[in-house]
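These are the structures, in structure tokens.
Each of the next two complexes has chain A plus one other chain: chain B in the first, chain C in the second.
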Partner chain A sequence: MPAWKILNRIKERFAAAVERTDVPANNRLFVHVRPGDLREVCRHVFRDMDARYVISIGWDDRPHSGGFVVSHHFSFDKAGVLCCVLVRLPGDHPKVDSVSEIIPGANWAEREFQDLLGICPEGHPWPKRLVLPDGWPEGVHPLRKDVAWNHVPEGYNHDAEHRFEDPPPGCVVVPFGPFHPTLDEPEHFRLYVEGEFVRGCEYRGFMVHRGIEKLGDSVLTYNDIPMAAERICGICGSVHNVAYAQAVEQAAALGVPLRAEYVRTIMLELERLHSHLLWVGLACHIVGFDTLFMQSFRIREPVMWMAEKISGNRKTYALCVIGGVRWEITHDLKDEMRAMLKTLEKEWLAVAGAVKGDRNLQKRTKGIGVTSKELVKEMGLVGPIARAAGVNIDCRRDLPYAAYDKVDFDVVVHEGGDVWSRVLVRVLEVFESIRIIRQCLDRMPDGPLQAKLNGELPVGRLGVSSVEAPRGESHHMVVTGENNRPRRWRVRAPTYQNLQGIPAMIKDQRLADMTISLGSIDPCFSCTDRVETLDIRTGGSQVYTQTELLQMTRQR
Partner chain B sequence: MSLLSKIKETLICFKAGRVTLPYPRETRPVPPRFRGRPVFDAAKCVGCGGCASNCPAREILMVDLCQEVRVVKYIGRRCTYCGRCADVCPEKAITMSKEFETATNEIHDIQQELELFMGTCQRCGRCFTDAGPLDQLKMKGYRFDELDKDRWVYRSAGYLEKEAAVRDIEIEMD
Partner chain C sequence: MQNALQNLFLSLVNVAVVLAVAPFFEGIIRKLTAMVQSRQGPPVAQPYFDLLKLLGKEDIESGESPAMQRFSSYLSLATLLVVAAILPVGGRAVLGGSVDCILLIYLLTLSGIATLLAGLAAGSTYSLMGMSREMMCMMLLEPLFAVALLIGALHTGSLRLDAILNGSVYSSAGFPFSGYLMLGVMLFSLQAFVGRLPFDVTEAETEIMEGPLMEYSGPKLAMFKYARMAKLVIYCFLLVALFAPWGCGSGDYLMNWLLLLAKVAVVVVLVTVVAATHARYRIDQVIRYYGILLGISLLALGLAVFGY
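Up next, the complex of A and B:
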């Protein structure tokens, strides 16, 4: 079903509400509606037409149109269309009808534009501060255009503490994080525990919010942002790099050379390979099965070397510029990659065969962190979490980008919904990635790597792009602007939605299963209980144990 | 069945053997495309400023100290080694080296400062680099009579400073 058919169905119901529509391509649909009808249009799109909720984004358009804009993004996965429902809001005291009652997954996104732009979501069930630090004064909204990127407001209190809600009666509070061996980033879960069982939690995150979007629309330029974007995530960096470039290219209606699209596909799949191998290792580490943790990392290392040979770095490939890629894949590299994939496939087959029957692993992961199809729909969960719960979505197939429409692959789906299903989905996706890379290597045509850009990019256009990261769909939106930089750039990483599903996943589970439930979304590792020092001149080494280190620090 | 899979897992471990590399005793050679610390070649640089305006981390500064001297300063603190500067350089004056062990207590170890002697265009009055070293020698103020301070700067006041002008201006670091 192309975009205009979806548009017709929306117009059938809401002919009067639709103010303006843009259909820039067969797979993109932008519907501007009247603010009063926003909630009903969203209900229709989300419930009646069964679209998947992606994200809600606000931006400050006052310098150009005098007001604010809020955009709700949906994906029609079966039709392959990304649909944005936009409303224009007045410049002072902007208010918008909240859709969180209809779409629970919009909870964070609406609180985020309340914090960063001062757009009030009216009727929000829990409009508590989400992104801004606790000591940040009210009324200063950093993403507004009249606030400088390095502005620190008067009255900012560094030492302010977060005001947590009271736990339910009969429950004990167990703090989890900000620093915990199984968390890769500082996040804080305040778990309400009754006996051994978790009854609920409150989340406080955004402790490493780096204001990278503000930099993007005030400091960096179009071609600088890909290098900043890939530093959003240490594992799926290239995903953000490609997603941003694609969003700009879609906004500017810019064609990319075919060879560049194949190179992007290969690099994205290399990234998926090493990310899945890393995740399987870390998941095993979390449940205490360090043998497989070591072996996954051993098998993973040649993938990192391959990426280093292509791009000059193990991670942060600095791959995309607007209109193409920077790194060529030569014939020699192709042959090396084929050999690497062959050994990888052989070794991973052995691991997959061994893991499948491992009852110890199953006992720690079966029936743990269960998600239902309903939860996936309500919260907008994506990636292996959704696929392990039997929801057949994958951006590579549903919203094809780069060269994914030119290769054959299967989407791995499992019905279990628990952590064990996620292990299986990821283990099997490794083989699909190998298959995709092999086809790309065979079918990659000759040609240029970068499109020729003539003049400036057009101004004021909206571009959206979804890329399937190893963890799920990563969604970027760009509004093109003046001075060689976008007016607004918004990133929605897959974990943004998946973390919102955590409270439901850990409810009524044992406290000990919290770590693997969380780890099944996003792997992490920061556990070092000993340090090795090495003297290069003498070649001798000494290993300190934890107690020795403690003694050393105490002596000082 | 679980026992069988334990045996399989053991076999995988035995087959793999020891794979850890002896770093830092021996360093593994880096591949040819490796992107390490960028190195700037003053002899090739024409001072066009392309690197400075394309640096995502804004780590390359261009400062015109006077009509004839342009300073290119690579600060190297936030540098992400993306290699965009080497990409856009029209003279190939920037190469991404193979250096990756760049942790240091002294930031000047990785910084670079190029003092470029620029001529003045007779038509537009803006700066350009002269074609070769002989042309540069003909320019006023360009002397080699003190070898330890090989670049003297002609100031608009009309006399030679004892110190190179580059040192007497505090360049903003960040």
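Up next, the complex of A and C:
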């Protein structure tokens, strides 16, 4: 079903509500609706038309139209259409009807634009602060255009602590984080535990939020952002890199040479390979099976070497520029890659056999961290989590990008919904990735790697792009702008949605299953927080206070 | 007088040998695990260096009650060393045969209690959780060993340690069903006694961050680590003495020791291989597993009463 048909169905119900529409391609749909009808339109799209919720994004459009914009993104996976429902809001005291009651997965996204833009989601069930630090004064919204990227407001209290809700009666609070040895990233779950059972939790994250999106629309330029984007995540960096480039290309209606599309596909699949191998290893480590952990890291190593040969880096490939890629895959590299894939396939078959036959591992993962199809729908869960729960979605097939429409592969789906199914999905996806890379190597045409750009990119256009990261769909939105940089760039990493499913997954489970349940979504807190930076100098002997660290980061 | 001195000397030799070889076996475990995992692994002598390093570190008092914490760390090693002191090597009575298996059971339980104390004294959430797990495990695990010793006592009609720790489980009147049954139970629970995967739930780094030991560092941690290593050797020794005493009864003292250590090494290898190929069980699964073993051991005890 192409985009215009979906549009017609929305118009049938809400003829008066739709103010303006835009169908830039068969797979993209932008519907501007009246603010008063937003909630009903979203309900119709999400419930009646059964679209998958992707993300809600707000931005400050006051310099251009005098107001704010909020956009709810949905994906019609079977039809292969990304649909954005937009509303324009006044410049003073912007308010928008909250859709979180209808779409529980929109909870965080609405709190995020409330924090960062001051757009009030009216009727939100729990409008608690989400992203901004706890000592940040009310009424200062960093993503507004009149707030500078390095602005520190009066009265900002560095040392303010988060006010957690009171635990339910009869429960003990077990802190999980801010640093926990199994996850190596800052996150803070306050678990409400009764005996050995988890009864609930509260999450406080965004502790390493560095405002990369603000940098994107105020400091960096179009071709700088891919570099920053891939530093959002140390595991799936290239995903963000490609997703951003594609969003800009889509907004500017810029074609990419076919060879570049193939190179992107190969690099994305290499990334999936190393990520899945890493995850299977880590999952084994979490349940104490270190032998398989070590083995899968050993098997993974040649993938890293391959990436280094192509791009000069084991990670952060610096792959994309707007309209193409930087790196070439030469004939020699093709042969080497084929040989690498052959060994990998052989060794991974052995691992897959060991994993499938391991009853011990099954005991720890079967029936644990269960997600139902309903939860997937309500929370907008993506990737292996959704596929392990029997929801057949995969952006590579549903919303094809790069060269994925030119290769054959299967989408691995399991019905269990538990951690064990997620293990199986990821283990089997490795073979599909190998298949995709092999086909790409065979079918890659010769040709240029970058498109020729003629002058400035058009201004004020919207581009959205979804890329299937190893952990699920990564979604980027770009509004093109002046001064060679976008007006707004928004990243939604898969963990942003998947994390919101965690409270339901761990409820009434044993505490011992908490780590593997959380680990099974392969949480990437830096993706969610968007850019974590690590200064190796601070690892030295000097101990810095928080204030000193902040001063150091602001000096440059 | 001379006899008493000789007795004391034998005990001291026991303690010295256990202290000397415990880190070595730990080194073997690490090296072997590394080989299974396609790694290089640390040198076999690494545990000695680790202990020296920890002993040389600052003794930090962190936790609820520092005095109790220090006491529990010494207690954990001390009880195991006392156990070492009363072990009859090669069926040779120690301390004039005045020690019995009741004392052994007490001491082994005391070493578990040292861990409980450690967790309780540290007082953090994770320590307490590790402590409660340790307690649950102890209640089911400790009786297993007691039953094994008791079966030996029933067969030999003596509580003397040198009589029991000499393959006594097989010396029943009829075919020793109970002995073989108990051998199976002990083999299946050995990993738990020495606190290794898949039964290291009380320390489980990725779940409760070392549990009771979370608040410990420096010399106190060294004590716990040393105790853990000694525990491995002692339990392997007990297993060998109870179930595989062959060749240790005669010959000279030195040969007895060498044969014993060789047997212990075999058991250690077994422990390592099992630990390297298993994922950790969850606490409820562990409890159920111990429960089944306890049931079987009680059956064995029943058989022993009737002379099998």
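Please note the rule applied: the second predicted complex is superposed on the first by the 521 of 556 C-alpha atoms of A that agree within 3 Å, B and C clash if a C-alpha of one lies under 4 Å from a C-alpha of the other, contacts with A are read in each partner's own complex, and residues count from 1 in each chain.
Keep in mind that, in the parts below, contacts are C-beta pairs under 8 Å (C-beta built on N, C-alpha and C of every residue); 3 or more make two chains touch, one makes a residue touch a chain.
None of these values were measured; they are calculated from a predicted model.
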item	value
Side-by-side fit of chain B and chain C on chain A, or clash	fit
Which superposed partner A:175 touches (first chain B, second chain C, both, neither)	second
Which of chain B and chain C A:196 touches, first, second, both or neither	second
Contacts of A:285 with chain B and chain C, given as first, second, both or neither	second
First (chain B), second (chain C), both or neither touched by A:511	second
Which of chain B and chain C A:327 touches, first, second, both or neither	first
Touched partner set for A:92, first chain B, second chain C, both or neither	neither
Which of chain B and chain C A:405 touches, first, second, both or neither	neither
Residue contacts on chain A - larger count, chain B or chain C	B
Touched partner set for A:364, first chain B, second chain C, both or neither	second
Minimum Cα separation, chain C to chain B, after superposition on A (Å)	5
Shared chain A surface residues [contacts with chain B and with chain C]	291, 294-295, 298, 358, 360
Residues of chain A that touch chain C when the two form their complex	172, 174-175, 180-182, 196, 284-291, 293-295, 298, 358, 360-361, 363-364, 510-515
Sites on chain B touched by chain A in the complex	1-2, 4-6, 8-9, 11-13, 16, 19, 24-25, 30-31, 33-35, 54-58, 80-84, 87, 96
Residues on chain C engaged by chain A in the complex (per definition of touch)	33, 36-39, 125, 129, 197-198, 200-201, 204-209, 276-285
Chain B-facing residues of chain A, complex	219-220, 223-225, 227-228, 231, 291-292, 294-295, 298, 301, 305, 308-313, 316, 318, 326-327, 347, 350-351, 353-360, 534, 536, 539
